[in-house]
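Per-chain numbering from 1; labels A, B, C, D and E assigned in written order.
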Amino acid sequence: MYVIRKLGFYLVAAWAAITLNFLIPRALPGSPVDAMLAKLALRGPVTDETRTSIEKMLGTDTDQSLAGQYLDYLAGLFRGDLGVSVTFFPGQVSQVIVDSLPWTLWLVGLSTVITFVLGVGIGAVAGWRRGTWLDALIPSTAVLQSIPYFWLALIFVYLFAVNLGWFPISGGYDVNLVRPAWDYPFIANATYYALLPALTIVLSSIGGWLLGMRNMMVSTLSEDYVLTAEAKGLSPVRTMITYAARNAVLPSLSGFAISLGFVVSGSIVVETVFSYPGIGFTMLQAVQNNDYALMQGLFLVITLSVLCANLLVDLMYGFLDPRTRAGH
Amino acid sequence: MSESQQAVLTVRDLSIDYLVAEPVRAVQSVSFDLFRGEILGLAGESGCGKTTLAYGLNQLHKPPAAITGGSVIFHDAETGRAVDVLALAGEKLRRFRWAKVSMVFQGAMNSLNPVISIRAQLADVFASHAPDLSREQRLRRSEELLELVGVDRRRISAFPHELSGGMRQRVMIAMALALDPQLMIMDEPTTALDVVVQREILDEILRLRQELGFAVIFITHDLPLLLEISDRIAVMRRGELVELATAEDLYFDPQHDYTATLLSSFPSLTGDAGDFVRAGYQERR
Amino acid sequence: MFRSYLNRKSVVGFAVVVLIFLFGIVGPFFVQDPLAIDNLGMAPPSPQHLLGTTQTGQDVFAQLAYATRGSLIIGLLVGAMALFLSFLFGVLGGYAGGWLDEVFSLFTNVVLILPGLPLMIVIGSYVQQKGILLISLVLAVTSWAANARVLRAQTLSLRNRDYVLAARVAGENPVRIITVEILPNLLPVMSSSFVFAMIWAILGEAGLAFIGLGVVGTQTWGSMLAYAQNGQALTLGGWWWFGPPGAMIALLGMGLALINFAIDEVINPRLRTQHLHRAKKLIKSSRREVVA
Amino acid sequence: MTVIKEQSGVLSVRELGKDYRLRDGLRVSTLRAVQDVSFDLNRGRTVALVGQSGSGKSTVARMIAQLERPTRGEILLSDRPVGRRGAALRTYRAEVQMVFQDPFASLNPFHTIGHHLERPLMISGRVRSRAAVRPAVLELLERVNLTPAETFVDRRPHELSGGQRQRVAIARALAPRPKVLIADEPVSMLDVSIRLGVLNLLAKLQQEERLAMLYITHDLATARHFSDEILVMYRGEVVERGPADEVILNPQAEFTRALRNASPEPATSSRFLAEAARRGVPMPNHT
Amino acid sequence: GCNAGSNLDQGSSPGSSSSPGSTELPVITVGGGAGPFAENFNPFSPNVMTLVHGVIYEPLFYFNQLKPIDQAPIPLLGTEYTWNDDGTVLTIKVRTGVQWSDGTPMTAKDVAFTFDLIQKTEELNTSGHSPKSKLIDDSTVELTFDRPSFAEGPNVLGRTYIVPEHLWSKIKDPVTEPNKKPVGTGAFMMDSFTQQSYALTRNPEYWQEGKPGIGGVRVITLSGNQAATDKYLAGEIDYQSAAIPNLDQLIKNKPELTYLNTGTAQAALFTCANAELGCEGPQTDPAVRRALYLGMDREQLSNLAFYKLGKPVSPAFALPERDRAFIEPSIADAPWTADVAAAKKALEDAGYQLADGVYAKDGKPLRLSIKVVSGWTDFITAVDTLKQQFAAIGIEIVPQQVSVNEWNSAKSTGKFQLVIDSLGQGPAPDPYYVYNNFFSTEATDKVGGNANPYRNTSRFSDPAVDAALTRAAGSNDIEIKRAAYFEIQKIISADLPYVPLLIGSTLTEFNTSKVTGFPTEDNLYAFPAAWAAPDNAQVLVNLTPAP
């Protein structure tokens, strides 16, 4: 029942996202044709005929009713057809997404998980040992949290990549050394390239987890069952983990899913700084080229993946917190 | 119970303060002996320091609370040795807890970890104190314990929220009995329950005490209840122990004014209304 | 009532925030023209130019003053708008209950799940005139939902508090109940969500500015950073140009976060640590006495 | 069971019922919290509602206070069905007031004691001018023995003890000069030593103002001494009713007996009776 | 797409490994704009990857933008061409002995096929007037136009990329075909592609003997100028065109790093000048435009907004360096520093009076808005600078930052006072294209209409200019053209519908540690920009390993 209700909610949310995605570009002005023209104009004069032929090429001439367009759009979605990208013309939006998504999942996914684990871990210890020197961590995480992502990233590139040469300056892997494949050299190289961007993501987003977990931990510590555990003579580590942290982590966990959306957002900026070939960087390209189809597609994918992550975490939550499993 | 009996716990001049901006002297120079197999009732109004005292006996108090003086000696019947409880620390303290002194707290829902099963919480106790026990042995022992307190052994896989308040409290009692402790501290174990359930649980405790012979410190502010179940009753007020006597002495011959006030705060169910003034109005009418 | 909860952290936080606000409010009246161009480009800090000059000889300190004003306006606008939206959907829905609550909370949850910055980018790139109001609106629209959820939860618990029921029994009308009985108790939560919305807005605007979708026509920390980045200030060694706007954001964020800690401690007294440190010291010293 | 009807009720409850819909995923089940409860509240008389926890006592109270809509049945005020909105509701509010269980939760921590009392005075129209408010507030405070009243008006709830707060709550309920007062476990959250004081105050006021009162409790002893009639509820239904002493001393329903037996009562316990005999003294009369 | 196998069983560098014999020749890295790359090697696609035009597919001739009109183009797949007298028939001799990279010989048939394909496909025939082709013999093709088309010549000859008939005749849709395995005649061949980079390898059978001198080219993605600068300074890029500020300072200690500034784009304030077509505002008064022209301090603009790389511009809108001989001798270059007195005098002569520091006429102060695209920092800085400079001559400027879309739409509809923009060059080094695009009546529309935002947005219209343009287009005779241009120049430099700022920079950076032979100030054998096609092909073909 719990699952069905959750699924229902996600269906509604997905529908809302899809519809929003459909409506935004139609509610607001702008034309991809002019964007393409602007690009071409950099290379040479653009004639009136060029304009017409691009319009024909992009198929922007429609005089269908809004409802009809909506149905077409939905039908297209079910076929996996998100339209044609202007930036990557004649590439399909879906193909562009398929190409860039793995990179983001790799970089952002990994660093989010690292951030979460580290933040929650340190937060749990900080909460457990409240009133010790660990409390001094809190203001510093607040600073880290409020530093603009890209500012930190640029400074890191300047310091660690350009000046010290410890890390590569940009990109997802060394194009001269390896090519994408599922083998050790590539993965090792890609990991090396992901280190610095990942570090900025971890640093600038760890504070929230740490603090949230610490506060939850402190609250949980005054619960009777933690006291009971102590009275039971359990070892402190066991009490901390199974009794305190196990309960304190639950709210963080649902926050984790929600924050995935924000992390993907953050990746837009980080990926831009590092020329990292993921969704965020592609999104920026789409924006700069007024590539509405691509923007829509990316937004949809980001939304849906956030939805999926939420759903997963929700289901996991049901598993971790028996109280939500059955109605009572 | 006679005076000649052996003490299981000797508390001398125990003082506990909350070291906040204006320090609260929650327990002041409390001394008493607790005898083997005895039920000691601890009464007193809210905030008089009952819980603080109970926690101090097991070193469960947390900063800003601090023991500022006194001693707690536990006389271990198994080894025959006297243990200075306040000197215990670390691993020794951990081993002492629950094995010698177990506790049952007020809110059973809150005393049980809501996210892990009853089985795991019972098993925890054995895992920490009797690591030699095999899994099956642990399970068997846990089931026996549940049976002992009148809970169906099949409920062992249940999660706390799936049990009623009374059942949860029984589970807590079962857990408290797991290691055959010599002393069980119960801090308002039945306040959250309704009278009928409360009665069942009390009967259960009395029966088990009879069978197993552990001593009980029973904290509540329900004096009639204490009168019924305790051997001796201690009355606390503002951190001090103002009176300690057998239930009978206390009932028939309260020494302290405060004890008298407390006794008169409970109108008799079957007798007349006592201090309750409505009677006067009724007469007039 | 709050005064008693002020501790060192929040005092520092307040001081930082007040200073930054003062700088934003008063600063622009005292500095030079931030757009005044001068042939002396990329000059390091000097008495004439406290924070040096940009590539085009504009005074960084003057720009910082104006940008502070701009960013703060955005922060306040977004904070206010987000607060209004979260109040509308959280408190009203939560108090009214029934289908209105169902609809509002479904809507809130859906918005919550839509990723903010991408949505901002998508909306922002369609919009033509990116004035300060518009960007603030975009930022507000994408940031109210989480707070609405918190407010709703709070309202739900307040709604059935005895004192609210008592007010109903006394015959108070719903508007008064919400504004007089419930609202004051929501203040800590609301102020904390306001503070969060502010940080989020300022960071968000900076991010948008960095990718070229920021506010047009008003100086903000974000636009300063974007210009510094375009002028490759870091590569050219112009730390005085690139550093201050980012540092200001971090500083304001820190100040607001510290204030938030104080608010958190009001909401949840268990989080207070101040007395713990003192108590631990006292306990140590009292132990020594006992031993001695 | 016979419905006792000595005089016409100020407030009558007729076959009141309340169902809660419980949703568990897509399944909806109905919980019958209250079923077919009828009684009258008369001037100067107190009816006690006792029963196990969860038996529906508070639900009845909330329905009478119009914080909850009954699923079935009706509530009559002076033999007329009660209004649920507008002016009729306002009149009803002025006539029927309620005291809540938790004195710590029933006062808004943000408002002064004065504010808590001013509002009902103004809303009910008992006080019409701003100038008259303060004397009226002071008078109320004095009525509930919070003296000197001036020292209390400007305090906030957290500056008062539990008993003092409950007195403020009572004063608030009395402010519109109601005819009916509902008291839902008014003392169960208070310290034992001050419970009787608050109950005595309530009894005094009830007598003085000739209030019709519904006293909800699970403490049989106070129910007996405080009320004229007792209704025992079990699982949403009234299983026994009658004059107070009769119900307690000579319980008929099985549940009433269980309740009685579960309540500790040293005065009748064999242990103390035997001890009294051993000591050769009469049973002490503490109560 | 992962189109690659494992890295374990292959050599280390995929760029050079697959083509045996070229391993010892250096492979250079070219900065190829923001990625990720889309795998599109269709020379007809507007979205084609860089280094396809000219590098893989070649045109018939190469026109060097930096050389004067009268210089002959470099023959590539064509060897010579002739026009008939009225400019409707173009006969081309096609080079023989050239092979497609799959080994098939390239012949005039392929050339004819290519022009046919364009002519027949609506989307490719962007001008609507593509020539019909006729195969004369194995090495001769004749193109027929439906109107006199001398001016079309450079497009047809220099920017039409010849594709092999035996492959393209099978392609269904030449518009959307991604052409992932391009087969051309160029100096390089496709090697491998990923979204982050692709590699071209040397064509060993290239028809120019001994060329190319390098083993291959690797194109990489860069997210922006910062990454481009960092990587270039780190020596990771050999050839790119990125706008790097203060380049001199950055490469001071790195002798292997060099650069060229070869700007051809004439930055100007575009004014909506023609009141007859509906333009409104003070800028419709030529005196105001002249004041703007005289009042700007171009040196300061160059210093502040263009990193000291701006070059003097001519109000005749021909390039002073390249087209000196085609600029009417009496027209001087735009003054490099401001002449405040002259500017003020121009205004006063036209009846403006100073009030509160701002000139006004009929009570209307001289307040002008300039639209500039937000994010285009050099132009934004220029506008800020101008605001200050024009304040000194009593003109108030209101900068308006707008999105590209809005900016385009303002230009298209004519609803603006001033915008800042550049006048782009044409396919050949001939000012004709600028004049035709920006000054002809045919290239504009009335205000409120839907004009091409990249053409005559100032709404300038003058029958004499139109007539002169017709004359220039109808002849292949240099002298006739010169006369026509002089006439145009006199009119437009007096009217100033576009107020010239300066010639903006086009920076191209080289790293000479691996290869040499890049264009230099003294030897501008091709327009060097790395993004300019087919010019970059000329650069790549002429590179040789560094000694």
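By our rule, contacts are C-beta pairs under 8 Å (C-beta built on N, C-alpha and C of every residue); 3 or more make two chains touch, one makes a residue touch a chain.
Composition by chain, UniProt nomenclature: A, C = Peptide/nickel transport system permease protein; B, D = Peptide/nickel transport system ATP-binding protein.
Worth saying up front: this structure is predicted, and the values here are computed from it rather than measured.
Asker: From chain A, which chain is the farthest off, judged by mean CA positions?
Answerer: The chain farthest from chain A, judged by C-alpha centres, is D.
Asker: Is the number of contacting C-beta pairs greater for C-E or for A-C?
Answerer: Top pair by contacting C-beta pairs is A-C.
Asker: Just how far, in Å, is the C-alpha centre of chain C from the one of chain B?
Answerer: Roughly 49 Å separates the two chain centres.
Asker: State, to the nearest whole Å, the distance from the C-alpha centre of chain D to the C-alpha centre of chain E.
Answerer: Using C-alpha averages as centres, the distance is 89 Å.
Asker: Let me have the rounded angstrom distance from the C-alpha centre of chain A over to the C-alpha centre of chain E, please.
Answerer: 39
Asker: Where does chain A touch two or more other chains at once, residue-wise?
Answerer: 29-30, 131, 154, 162, 272, 284, 288, 290, 326, 328
Asker: Enumerate the residues of chain C that touch no fewer than two other chains.
Answerer: 125, 127-128, 212, 229, 235, 276, 279-280
Asker: Which residues does chain E have that touch at least 2 chains other than itself?
Answerer: In chain E, the residues touching two or more other chains are 226, 230, 233, 405.
Asker: In their complex, what parts of chain A are in touch with chain E?
Answerer: 29-31, 34-51, 53-54, 56-57, 85-91, 96, 99-100, 154, 157, 161-162, 165, 169-173, 175-181, 183-186, 271-275, 277, 281-282, 284-285, 288, 290
Asker: Please name which positions on chain B make contact with chain A in the complex.
Answerer: Within the complex, chain B contacts chain A at residues 58, 60, 63, 93-99, 102-103, 105-107, 110-117, 124-125, 128-129, 159, 161-162, 172, 175.
Asker: Can you name the residues of chain E that touch chain A in the complex?
Answerer: For this pair, the touching residues of chain E are 1-2, 4-8, 12-15, 29, 34-36, 38-40, 45-47, 122-128, 159, 175-178, 192, 194-197, 218, 220-224, 226-227, 230-231, 233-234, 236, 404-405, 408-409, 424-427, 433, 437, 452-455, 531-533.
Asker: For the complex, which residues does chain C have touching chain A?
Answerer: 9, 106, 109-110, 112-119, 121-123, 125-128, 146, 199, 203, 206-207, 210-213, 222, 225, 229, 234-235, 242, 246, 249-254, 256-258, 261, 264, 268, 270-271, 273, 276-277, 279-280
Asker: Give every residue of chain A touching chain C within the complex, in rising order.
Answerer: 9, 12-13, 16-17, 20, 24-25, 28-30, 130-131, 135, 138-139, 142-143, 145-152, 154-155, 158, 162, 215, 218-219, 222, 258, 261-262, 264-266, 268-269, 272, 283-284, 287-288, 290, 292, 295-296, 298-299, 302-303, 306-307, 310
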